[in-house]
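The next part holds the structures, each set out as structure tokens.
Next, two complexes with chain A in common: one pairs it with chain B, the other with chain C.
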Partner chain A sequence: MTTIDEITNANLVALDLDVDGPMEAIDALADLLDKDGRLSDKDAYIAAARAREEETGGTAMEMGIAIPHAKSGGVKEPGVAFGRTAAPIQYGDEKADLIFLIAAPDGENNLHVKVLSQLARRLIHENFRTSLREAKTGEEVIELMRREVKL
Partner chain B sequence: MKLIGVTACPTGIAHSAMAAEALETAAAEKGHDIEIEIHGASGADFVSPDAIRDADAIIFATDASVAEKGRFDGKPKVEVKLREAIDRPGEVVERAEKAAESGAAATAGESSESDEDEVVPTGGGVGRAAEVRRWLMTGVSYMIPFVVAGGILIALAFAFGDTVTVPESNVYEDFSLVALIYEIGSLAFSMLVPILAGFIAYAMADRPGIAPGIVGGLIANEIGAGFLGGLAAGLLAGATIILLKKIKLPGGFGRLMPILVYPIIGCLVVGTLMILVIGAPIASATVGLQNWLQGLQGSNAAFLGLILGGMMAFDLGGPINKTAYAFAIAGLEGGAFGPMAAVMAAGMVPPLAIALATVVRPRLFTAQEKRAGQANWVMGASFITEGAIPFAATDPLRVIPAMMAGSATAGALSLLFGATLRAPHGGIFVIGVIGQWPLYLLAIAIGTLVSAAVFIILKQFTGGSDEKVAEATS
Partner chain C sequence: MVEREVVVVPEQGIHARPVARIVQAAKKCESDITMSKDGMEVSAKSSLRLTTLGAVKGDTVLIRADGPDEEEAIEAIAAIVTSEEV
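Moving on to the complex of A and B:
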């Protein structure tokens, strides 16, 4: 059974992300995914995520969430890295302080993607976002995700 | 209220899922049922045709293309960007409520327009009538490209070739550019009724409807049943598959249904009904009609013109139209050139009248109809009556009487004016061989005005809420 623990862990959470813009956020969070052994070609993945960020004119939404993501051959294991900034950073016309960087391998359409989709769905709900903003530790964030994302 | 949400983003992982959740949450808060179809890179699980039939409105929240969007043709719809659905789902659901209440489409100003994103007003009525209209409109929307390709290519062939020899040319044996264009146009035209029937059945019963629908349409061609035969074939095929789908077989047999039973039994049932129940009566009715027309020979010219003209417009290339045409051809061969002129005038009126109506009252028509309307100028001028079929097939009860009124007028006037024609076809391109041609053109113009006026009046005053909505969103 696929669970949230297969796609993320406390090492992929940065509660004090200190970046100036969306592209830097992608770089920093991709670094976490790479250290966690989920990327086979970090540069290729970053290029894909940056390209998509540019294409969409900002992946942030009014509720302060940005979900940069890419499907890329540079991804070995699907995963999501979570970053939180002290002050919202500018994404085109929007601002975001909760940033989820999603990495999916090319052509992947399995349970991992379902988990990622499920996580994205839960973000619509304000209480989940509030909890994420108030979380003190990476482990606490993972626990919140476990509670919200059940398949 | 029952809603369907369609969300689509290029990867189909995050944003389309978030929009789905946002719409589900907002719809639930307002007490609506909503079913969501999420599209991503790997496609989508389609909602069932039953769900589409029962839905009051469709919400498209899309930043990427949606496969087989034609499934939703004719339903009230709201189109927004994915972000609008995520950021302000409540507003989007409210707009869907309004669209459903006015029974028609509403488009967001911000959303992107493409050719497929037609805003299709539904019939004013709800329930059964609106449902039938959605089926017909789906069939017609797939048919229109064939009408335009066939109609314009045949017109081109007549413009550059000889109208007597072109229809008898054979490009495979005796090559000429005109024969080539004529052959391609004719083949495109021969698909018109099968495509209409196939996609009416598709709208009713989803993919399994296509094969029996197209086969039924081919038989409609074969028995000379025209587009009305195509409507019958499409509805029969759709109904047959809907009935077959109700048969539930256990296990392995159940899996055989879509592979073997739907196509084979579907085609067999539809084909048999088309040949025996529809084909045979048409054949005998045609003979009766021919004899009756023969009896009218030598009677009052205006009366004969009225009858021939009305017949030309009744089924626009179907058996009754063909009988009037054959009567005129027989006259042509026997040295009577008046009926031929009357028949051609009457056959030119319907496309011309429709083209005129779409220009005079654009708000009564959808974007797709307006574009098809423009091609009708060329088809009307070329005596290609079939240009009117897309309009007649979605709305036969208003279009056919309107077209008959003008065609009968033009036919009667043509014979009254003593116009003659010594060619079997050609429209404006054979004007040189028309006797009394200035008066002949007058007859066509008057007929066109009559048909366009009746058409607009019928559409405007019996169209229910169509117009108001079309106006509001234009």
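Moving on to the complex of A and C:
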């Protein structure tokens, strides 16, 4: 069974994400995944995530949340990166300040959907969103995810 | 109130594009529309809530619609859930 610690860590958290739009957010968060050794082909992964963003008309949901994601041959190890912007950025038709980027290798269908749905289940709760907005360190975010998100 | 059980057809399950299409169709309807799986029932007008279902291809989901345009609503949502992505 996959645990939160296998798919994310404090190096994959950017609490002061400074980006203007969805594509920039994807680039910045993919960079974290790459530096953490989870991507074998960063460009291929970014292309897949950007394409997904375009074909869905934006992965932003309500409540300030966006969860861009892609499966790609450019992914070595599945991972989740989290970015928080100081003010909500325009994200398709919505606005988002809490952005999770999910990367899964090709064929990893179940894990991908599981991470997405379990994350969404916590994110509908306002106290979880507030805790993410108030977290002061990356480690605090990871601890929160460990405690709240059951995979 | 009308309800219908359907099997999820799109390859990617109920997330990403299928979710976007369901929300778009549901918001055009006046009726309350929900989808449920394994006893969990959520509004079809919220992409975050639909994503919580974690419904994959082959899963059975229950669609419910209640309101003045419930028949049209259930037809529209069922059509998206049961057709291959174009």
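Please note the rule applied: the second predicted complex is superposed on the first by the 141 of 151 C-alpha atoms of A that agree within 3 Å, B and C clash if a C-alpha of one lies under 4 Å from a C-alpha of the other, contacts with A are read in each partner's own complex, and residues count from 1 in each chain.
Rule of thumb we're sticking to: a contact is a pair of C-beta atoms (placed from the backbone, for glycine too) under 8 Å apart; a residue touches a chain by one contact, two chains touch by 3 or more.
Every value quoted in this text rests on a predicted model; they were computed, and no experiment measured them.
> With both complexes overlaid on chain A, does A:M61 touch chain B (first), chain C (second), both or neither?
After superposition on chain A, A:M61 lies in contact with both partners, chain B and chain C.
> Give one of first, second, both or neither to describe whether A:Q118 is in contact with chain B, with chain C, with both, or with none.
both
> Touch test for A:A104: chain B only (first), chain C only (second), both, or neither?
After superposing on A, A:A104 lies in contact with chain B but is clear of chain C.
> May I ask you to decide whether A:T85 touches chain B, chain C, both, or neither, giving the answer as first, second, both or neither?
Neither chain B nor chain C is touched by A:T85.
> Using the superposition described at the top, list the residues of chain A that contact chain B and also contact chain C.
52, 56, 59, 61-63, 67, 69, 109, 113, 116-118, 120-121, 123-124
> Mind listing the chain A positions that touch chain C in their complex?
My answer: residues 52, 55-59, 61-63, 65, 67, 69, 109-110, 113-114, 116-118, 120-121, 123-124.
> Can you tell me which positions in chain A touch chain B when the two form their complex?
Chain A residues touching chain B: 52, 56, 59, 61-63, 67, 69-71, 100, 102, 104, 107, 109, 113, 116-118, 120-125.
> Write out the stretch or stretches of chain C touching chain A in their complex.
13, 15-17, 19-20, 46-49, 51-54, 56
> List the residues on chain B that touch chain A in their complex, please.
Where chain B meets chain A, its residues are 10-11, 13-15, 17-18, 20-22, 25, 38, 40-42, 63, 83, 86-88.
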